[in-house]
Amino acid sequence: MKAKNLITRIGLCLGTAALLLPARADITVKGSDTMVILAQKWAEVYMANNPSIKIQVTGGGTGTGFAALQNQQTDLCNASRKIRAKEIETCIRAFGKRPTEYRVALDGLSVYVNAENPVSELTVEQLELIFTAKIRNWKELGGPDLPITVYSRENSSGTYEFFKEHVLQGKDFAASAQTMPGTAAVLQAVAKDPKGIGYGGAAYGAGAKHLNIKKDEASPAFEPTEENVVNGAYPISRHLFIYVNPALDKGDVANYLKWIRSDEGQAVVKDVGYFPLPANLRR
Amino acid sequence: MGIQRGHRARPLEWLAERVIFTISLSAIMLILLIFIFVGREALPIFLGRMDSALIQETIPPERMNELDPEELRVYLDLSPRQFAGMDRDTLQMLMEVRQEALEEIPPEQLNDPDAHANTTAWRYLLFPHQWSDYDRPRYIWQPIGNIHKYNIVPLIVGSLKTTLIGLFFAVPISVGAAIYVSQLARPRVREIAKPTIELLSGIPSVVVGFFALLVMASVFQAVFQYETRLNAFVAGIALGFAVIPVVFSIAEDALTSVPRSYTQGALALGSSKWQAAWHIVLPAALPGVFAAVVLGFGRAIGETMIVLMVCSASVMSWSIFDSARSITTTIAAEMAEAVAGGHHYRMLFMLGAVLFAVTFVANLVGDIVIHRLKRKLEGRS
Amino acid sequence: MNRPPNPAPPDSAKSFRSERFDFASFFFTGLTGFATLLIVAILAVILLNIVVQGWESLSWRFISTIPKDNFFDPASTGVLPMIVGTTGRVFVMTIFVLPVGVITAIYLTEYAPSTSPLTRFIRAAVNNLAGVPSIVFGLFGLGFFINFVGRNLDALLDSPGPTWGQPAILWASLTLAVMTLPVVIVATEESLRAIPPGLREASLALGATKLQTILRVVLPQALPGIMTGGILAVSRAAGEVAPILFTGVAYYMANLPSKLTDQFMDLGYHVYVLSTQSPNIEQTRPILYATVLVLLMLTFALNFTAILIRARMRKKLRALG
């Protein structure tokens, strides 16, 4: 009796599992965890205006998103970095085409120091020297005679990768850099440590001072404000991307992408704490 | 025996028995499957078939016509079936992408000898290497970037460092508690203390990690006055919390299974309770305590969330007040960003396979020791 | 052991001890007692810290709300999708792990010749499975369930897009089922062995077959033990995060999962996200504590149920024996 019950139950479960071939959402979006909340907000606003469309958003990381794009497991792939040649290659192998790239938002990276630190602006080159431990004392930067404590992110984060590529010119972070599990932890550490310096999203930032950054010694320093990031004056900013299989870039998907890059879609970007695209990149 | 005879007469009975037998093999099957499927993804690394060199030999797309099909197929690393299914344009595109990959490389790296190195080779994984930009050979795990530095030694050191701190903290306490609870405490105290301590194993490790990150890290820094707030020491002590219930219950079990007659004999000869516990019971149960430590080691080295939340820098340092990145942490933190099937992905699976092998051996040793001990004690009593 | 107490040795021992204060004994008992106390204190500090701080921000609204876009905002966030996700994955896991675990235990206690090498092998495998690190199960789930079973299912069923070959509740649950299999097997075995052999013999003597005996006599008796095993497995799985990292958990989902191939949000993973990814740690601290408290209440409630059932079962068995 009992066993029979159990067996029928298992059978039923497996049966339902097999029958539950999911009704696919009209548009599926997958990729970068940094962009999940943004993508979700877009989806919500868009679905409110176009009730007939269903959009499903999941995260998992930029790499996961590209893998899903290659395996045609998703319509759109959110990416917080540019696609690599290797990933284009796997896409071509899978569907014979290069994925189409859309820039959809801007993200600025701030450099934080302790509120008591008198240093208020640095050049990108100085940042490189600090984060690779070539400069080790605040004195060399016009600050007090204190050793610098460098706070960095764990090497799996997109922020880490971006900072390494664009500020450190691909060099490794100093071995003495302390690794924090999230931007919040970096901020918290810098807020408590007068010797500290760290980096993270510009949208973050209670408790520490955001430095103004100069491209080089000759140019003026810029604050990481929306205006400066959008017009490109602030030197440490990155684009956020959406990639799509060109064969799928039609109908609803194409409309959705167009809307994301419209003024209406870009207004959402600001709500979530990123920066909208400059006017010449919208369409 | 009567049942044996019944089998032929009752096919249903026979069938049920077969089914039960088959399903019960699942445990063995699962262990095998884990071996196979974790190993399968890691195999190219073990066999040295992966090439992570930044600069690969590249043939300009214009020269496509000069290549014969077989050469082209091997160059593009396609299987004959894939190759047959592709038209000329696709092949052309693949060749262009290869060229683009070469063009993406910053010019100063083109002459860098490291850019030609296959960093997944064993000598890069295990031995220090003097990378350009560095003044001396170093152990470096830096999988992100143009040149993928995959030295696994810092991760092994990180795992051992946190695990050993955890064991140094947890073992004396849990063995002491096990002696107290099993030998010295009054029955009432024992009945309360034992389940309470075992309740510690009911706290999910992510909660222990959270507690270590938010509370312990600050308290410890205030007490010990060290530089790095999140370091191997905090992680190790937090790991200890997870290890305590494991070591305690196995040690307590081993101590309790020493026959009462041992203690009674000692007491009758005029020794005190603690003398009986220390000189008679503990030595008899020593292999069991050893097994508890070994199994605790397996638990600690395999723990992920605690170390992931508390510290994650892959620093090559034995100092307990430096950060550390363990093997488990590396897998958990980096898998999401790794390209499926790429060298980073396979490297993480390789780490998983190593971890699996280490804990497998630890468990096996612990199991065998306990088994022997029990048999010995039962045989004598 | 049932010998009448002999008053002579304890007396002499007492007088021997009272003659001079036995410092070593005092020291040793004190030290080990202190170790015990220390462990209990650690447990108490952790629990008190969480309960006191978590209780303040725990509310019905918090438990029953699906967070919209920003789950770091204490005013509008909630944990309903995480509770649903955690409960769901654990429930699906139970459906898989209970039958397999119980049947394996039945084989080991009722059928297998206890000395055969095969039995020893199965036992060794079960023990070893219990010690495999949870992150390795995660890798296994990714390599086997998603990349092998899932992908092949997709190819076989010719599904329009990837349906099976991606992280999902189903795969996370199966991974957890593999992980908790030893827990169920060990608990069931224990309860099967506690059943007096006389019961089985009586049933067989009355002409019942072995299968009938197991189904009608042995299993009903062992039911509380099996349930304990199931609950222990559930409470272990509820708090695990590492195995589901690559097999099904989602950072954020706007809707509750509705089918087995959906991803899900999870309480434990959410604790990790809140404590490491928050833009403002001071602001998120209250909801973080509340989330931890919800997770703890869930696992402890399950643990307690298991302990209660086991205690009742023991009493019942003692009465029988």
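By written order: A, B and C. Residues from 1 in each chain.
Throughout what follows, a residue touches a chain if its C-beta (ideal position, glycine included) is under 8 Å from a C-beta of that chain, and two chains touch if they have at least 3 such contacts.
Not measured: the values here are computed from a predicted model.
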item	value
Pair of chains ranked first by number of touching C-beta pairs	B-C
Centre-most chain [mean C-alpha coordinates]	B
Most distant chain from chain A, judged by the mean position of its C-alpha atoms	C
Rounded Å distance between chain A and chain B, as computed from the means of their C-alpha atoms	30
Centroid spacing, where centroids are CA-atom means, of chain A and chain C in whole angstrom	36
Chain B-chain C separation of Cα centroids, rounded to whole Å	20
Shared interface positions of chain A, touching two or more other chains	33, 60, 181, 185
Overlap residues in chain C, where contacts from two or more other chains coincide	276
Touching two or more other chains - residues of chain B	213, 308-309, 336, 340
Residue ranges of chain C in contact with chain A within the complex	68-70, 95, 98-99, 157, 159-163, 165-167, 170, 215-216, 219-220, 250-255, 259-263, 276-281, 283-284
In the complex, chain B residues that touch chain C	2-3, 6, 10, 12-13, 16-17, 19-21, 23-28, 30-31, 33-34, 37-38, 40-41, 172-177, 179-181, 184-185, 193, 195-197, 199-200, 202-211, 213-215, 241, 244, 248, 260, 267-268, 270, 272-275, 277-278, 295, 298-299, 301-305, 308-309, 328, 331-332, 335-336, 340, 348-349, 352, 355-356, 359-360, 362-364, 366-367
Residue numbers on chain B that touch chain A, as the complex places them	78, 82, 86-87, 90, 93-94, 97-98, 100-101, 104, 106, 109, 131, 133, 138, 140, 142-146, 149, 213, 227-230, 308-309, 311-316, 323, 325, 333-334, 336-342
Sites on chain C touched by chain B in the complex	1, 9, 12-13, 16-17, 22, 24-25, 28-29, 31-36, 38-40, 42-43, 46, 49-50, 100, 103-104, 106-108, 111-112, 121-122, 124-140, 142-144, 147-148, 178, 181-182, 185, 204, 209-211, 235, 238-242, 245-246, 268-269, 271-272, 275-276, 285, 288, 292, 295-296, 299-300, 303, 307
Residues of chain A that touch chain B when the two form their complex	33, 60-64, 66-67, 84-90, 92-93, 96-98, 149, 152, 154-156, 158, 160-161, 164-165, 169-172, 175, 177-181, 185, 189
